[in-house]
Amino acid sequence: MEQNVLRGKAWVFTDDVDTDLIYHNKYLAETDPKKMAQYSFEYYPGKEKFAKEAKPGDFVVAGRNFGTGSSREHAVYCLKELGIPVVLAESFARIYYRNAINNGYPVLFVKGLSDAIKEGKVKDGDELEVNIATGEIKDLTNGNTFHGDAVTDLEKDIMASGGLIEYLKAQAAKK
Amino acid sequence: MGMTFAEKVLGKAAGYAVKAGDVVTVEPHFCMSHDNAAPIAKTFKKIGVPKVWKPDHLVFILDHAIPAPTDEHAVNHKEIREFVEEQGIPHFFDVTSKGGVCHQKMCEEGFALPGLIIIGSDSHTCTYGAYGAFSTGIGRSEMAAAWATGKIWFRVPESLKITVKGKFNKGVSAKDLILKIIGDIKADGADYMSVEFHGPAISEMSLAERMTLCNMGIEMGAKNAVCPPDEKVLEAIRGIEKTNEWEAIWADEDAVYAKELTYDLGELVPCVAKPHTVDNYASIDEVKGTKIHQAFLGSCTNARIEDLRLAAEILKGKEVAVRTIVIPASWRVYRQALDEGLLETFLDAGCVITNPGCGPCMGNHEGILAPGEACISTANRNFKGRMGNKDSFIYLASPMTVAASALKGEIADPREVL
Amino acid sequence: MGKTMIQKIIQRASGKEVQVGDRVWCKIDLSTARDFGGPNCVLQFDEVTEKGKVWDPDKIAFTFDLQAPAHAEKVANNQKIIRDFAKRQGITKVFDVNWGIGQHVLLENGLVKPGDVILGTDSHMNLLGGVGAFATGVGNTDIVASWINGTLWFRVPETMKITVNGSFARGVCMRDFLTFLVGKLGADGMFFKAVEFYGETIEKSSLADRITLCSMVTEMSGKVGLIMPNGEVLDWLVKRAGTEVLDRVQTLKADPDAVYSEDLHFDVTGLEPMASCPDAPDNVKTVREAAGAHIDQVHIGSCSNGRFEDIAAAFEVLKAANFQISDSVRTIITPSTREVMKQCAEAGFIQKFLEAGVIFTNPTCSLCTAEHYGVLPGGDVGVSTTNRNFIGKVGKGSHTYLVSPMTAMASAVKGVLTDPRDILK
Amino acid sequence: MKIQGKVWKYGDDVNTDVIFAGKYTYTIKDRAEMAKVALEDLDPEFTKNAQAGDIIVAGKNWGCGSSREQAVTCLKERGIGAIIAKGFARIYYRNCLNEGLPIIVSPEAVDAINAGETVEIDFDASEIRTAGGKVFKFPPYPEFVRGLIEDGGLIPHVKKSLGISK
């Protein structure tokens, strides 16, 4: 299960990070997911250089209601294309959640993360170790630990197929 | 020996008699800028003069992309507002329903007056010749210098005299005349020259029609284009004059011209300028049936109430076959069209009526074309890439031809639907 | 045990008995996309199906509202991608740049009935819950999946019941109640839930008010707000969408013994004009508290508040102010559809707005997109009837107050954030 | 002053929209950025490969259309040494003088010069010398514009005339 254990740097965000902060309106006309990466978090105060400085393997860590706002799938593509392996948040906004699942993009629901961020228990630049399979999260910089729940039910099957379209293809093949 | 309009106007401003070829330095009565007032202000600051020469001689009219569609435009507008405030410029038309396309506003608001010298940082500044002004477009640096010094140099131009007689046949209008002239003498046919329109047919024309003619003077290379300041002009400006320094000036009967041309309106037919040059004339018969994807009724060339009436007459009770964008030249025109029920006619026909401004004319706003698309337009330029995409096609035509074509989804002869 | 409205709707669409928390596949009645998101749907569909055929061209619609008419090449190209696709697939419901805001256009064209399951690339699709439809915003992958087999998965949500009674005071309207509610419940106060609205205030409300109400459910992270049509709204809808509407209203209304996760009661009597202050919808104050704030621009429009009734409310305020707005602000009104624009023309509103200095644009999403009419430069402050005021949403470094159409116009009149009751005396 | 450069040759009536597209007029503000899109819709080869010191040779009415000065700025910034044409549109002509970009009217030279060859312009002798050894005289600038060019464009010229240093 070694491949499920990931290490990377934390980029920490607040509650209610909306889709304009993740991927601004201004670039909605873009249709190529590869080009979307460069606009990630451009409008988030203090994280304007995220797209340039985040390394593949780094984590996005946020509070409640991550991805609230628009239905734009760009906001999932951009992080996926940058090589952010998983988004950790206390909770995800409805459409953002669907869009992540439909793209086979992992998200973990981490209890208490919103308060932990506010209390400084996880900070920008902390080295994290995340086990995607078990949901165990360790902040190697300060020793704090968190537990994240992966998706269940139908979402798990869709994720396992690699996304909604692949899932539908697999279902069609079964018939 | 008699003098041309240009010789008289420039001589008066210089304070001594001049003839074509002389170089004079004169003081412009008004300096017009649109959204490019912001970059001009930056250049102006580089000169190092703290205040503009005469704040009330500057006129700023926002029209190129309003209300702002992007961050860049929004910041550009803000810089202009700050400069207006700082310099105390009284004539500023911001994003309100007092505004419109700059050239239309200059005429509506009494800045365009007979005998004035007006410079503008826009090539279609030559439009005000319809009101008997000597008006011409210049670049940004030159405008900045004029704000600082209050002066500009001109070489007194040779003049081209175009005499127009006869009457328009049904379905033919001033736009067809000017496209025909440009097609005949080509894009450089009046390079550096002052174009004078003479003859009984010009007297018959409305100011709207004269504006269409003078507006397109630049498309044959002219420095300025002008019509006689007759009763119609004097009536139009009565009570709205922004200065009393104007004077009705016209060429002497025996003035000397570099070239003279005569047109008979009765011989004209509806026509277009085909892609990608304005002088690429084709009669309607040659292009009828060409597939189009968009029709545009707007711009400083042809979006006055008279133009909207002509188009509405054709569209009334019918439905357009392609997306059709109607952009009145100013809010005043918009309101008149509303009063006359023209806007409802356009809405019922399925047109988009946007707020007044330049629209898609120069690739910045409402109605950009996709690759492979063709647009029939009442604007003044069909250059490659003009409406934003280098692989699109623009056909220039009159409001009537544009309306007729919108109904069919292909270039159509307005005489067949009138 | 009784069922809520959303349970009945999902049962109809899935053909199964369902319980809260179930994941089910629902038949889609209408799958739509806009000029935003739509091109991504088309490109993805063509890629995964190798340019295959859609499941049912009659159940797909396109609306162009985000940037209509196109202001940039990329936008023009995107719109063309959709037009070409529609032509190739035989999709005739293409509402091009001359129509207006998608959901409103679909409604006006009779394409929405109570109980319909409708998808769209717009997070405010759920405003169609104002006539009892289960409409929801999704990403392009969901849309593509629906185009392939006409179904899509949903989790059956919990339902929150909100009962609203009382009458609005003069100068106060449904939008103020919504702003109040967002402040009360917070940005995630309806997390993933369906919400049913009841009470005399709702029963008497106009379609425009119901649209406002249901559109703002998105800002509380709700899945859909639902109101079963009654009275004039029902008559209007039957005229547009046919008599099947009447059956749906009967069969899909919630059972009297339905189970709700919350049962909230509000009385709007005594409610004041409210504002979402910069930079979050749930940063709510009364307009009185925030009054006097400096502003540079006022915008009335959007899918939340761009209908005739909204514009009429703004008109009433302007009339009370003798048709004079402040010189220090730019004021822009954007009707939601061409039909609304015509109504405004016929009522004589446009003429009066223009006389006062207000700009009246063609119907579009306009300011909401930050790539159309009225982008704010950094440092400028806007007042707007749109639904989001996230930082930089309508221009880098700008800030926005979200208010009702009446408060917006009152602010235009005074040039600072203003309570409309100060004008409507 | 002498310059020597490779020739990019174009036809008649090349307009400002293809030299610097209208859609960029408010989105590109930086002069170096303007240079990057110069002639984009007319000649992508130029946009990709033009070098500082190159010379543009064109037909009649070069620069017709808009008053946008960026159509001059983008070429000047690109390092174009001079434009030789059969004629220039009026506003373009003025803008060149104002930006200090040398322009020469010489229909004979235009006919004789081929794309890609190297030509030399000797401003002191008012001569264009082609690779094949042909020499074309051109008239010197009128006196009143010579001052502009010598001062490096209109803005420095105005500063000088107003007695403002730097």
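Each chain gets a letter, A, B, C and D, in the order it is written, and its residues are counted from 1.
Basically, a residue touches a chain if its C-beta (ideal position, glycine included) is under 8 Å from a C-beta of that chain, and two chains touch if they have at least 3 such contacts.
Values in this document were obtained by computation on a predicted structure and should not be read as measured data.
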{"item": "Intersection of contact partners for subunit A and subunit D", "value": "none"}
{"item": "Path length in steps (a step moves to a chain that is touched) from subunit C to subunit D", "value": "2"}
{"item": "Farthest chain relative to subunit C (centres taken as mean CA coordinates)", "value": "D"}
{"item": "Distance from subunit B to subunit A - Cα centre to Cα centre, in angstrom", "value": "54"}
{"item": "Intercentroid distance (Cα basis), subunit C paired with subunit B, Å", "value": "40"}
{"item": "Distance from the mean Cα position of subunit C to that of subunit A, given in whole angstrom", "value": "28"}
{"item": "In subunit D, residues with contacts to at least two other chains", "value": "23"}
{"item": "Overlap residues in subunit A, where contacts from two or more other chains coincide", "value": "26"}
{"item": "Junction residues of subunit B - those touching two or more other chains", "value": "65, 70-71, 73, 364, 368, 388"}
{"item": "Chain contact graph, described as a line, ring, star, complete graph or other shape", "value": "line"}
{"item": "Chains touching one another, given as label pairs in label order", "value": "A-C, B-C, B-D"}
{"item": "Complex contacts: residues of subunit A adjacent to subunit C", "value": "15-16, 18, 20-21, 24-26, 28-31, 43, 45, 64-65, 68-74, 76, 91, 93-95, 98-99, 102-103, 153-155, 158, 163-165, 168-169, 172"}
{"item": "Subunit B-facing residues of subunit D, complex", "value": "12-13, 15-18, 21-23, 25-27, 29, 40-42, 60-61, 64-69, 72, 87, 89-91, 94-95, 98-99, 142, 144, 153-155, 158-159, 161-162, 164"}
{"item": "Subunit C residues touching subunit B - in the complex, by the definition given at the top", "value": "68-73, 75-77, 79-80, 96-98, 330-332, 338, 341-342, 345-346, 350-351, 353-362, 370-380, 395-396"}
{"item": "Subunit C to subunit A touching residues, read off their complex", "value": "23, 36-37, 39-40, 43-44, 48, 66-67, 72, 74-75, 78, 81, 120-123, 125, 137-142, 144-145, 148-149, 153, 155, 187-188, 191-192, 221, 223, 280, 282, 369-371, 388, 390-393, 396"}
{"item": "Of all residues in subunit B, those that touch subunit C in their complex", "value": "65, 67-71, 73-75, 77-78, 94-98, 323-325, 331, 334-335, 338-339, 343-344, 347-348, 350-355, 360, 364-373, 388-389"}
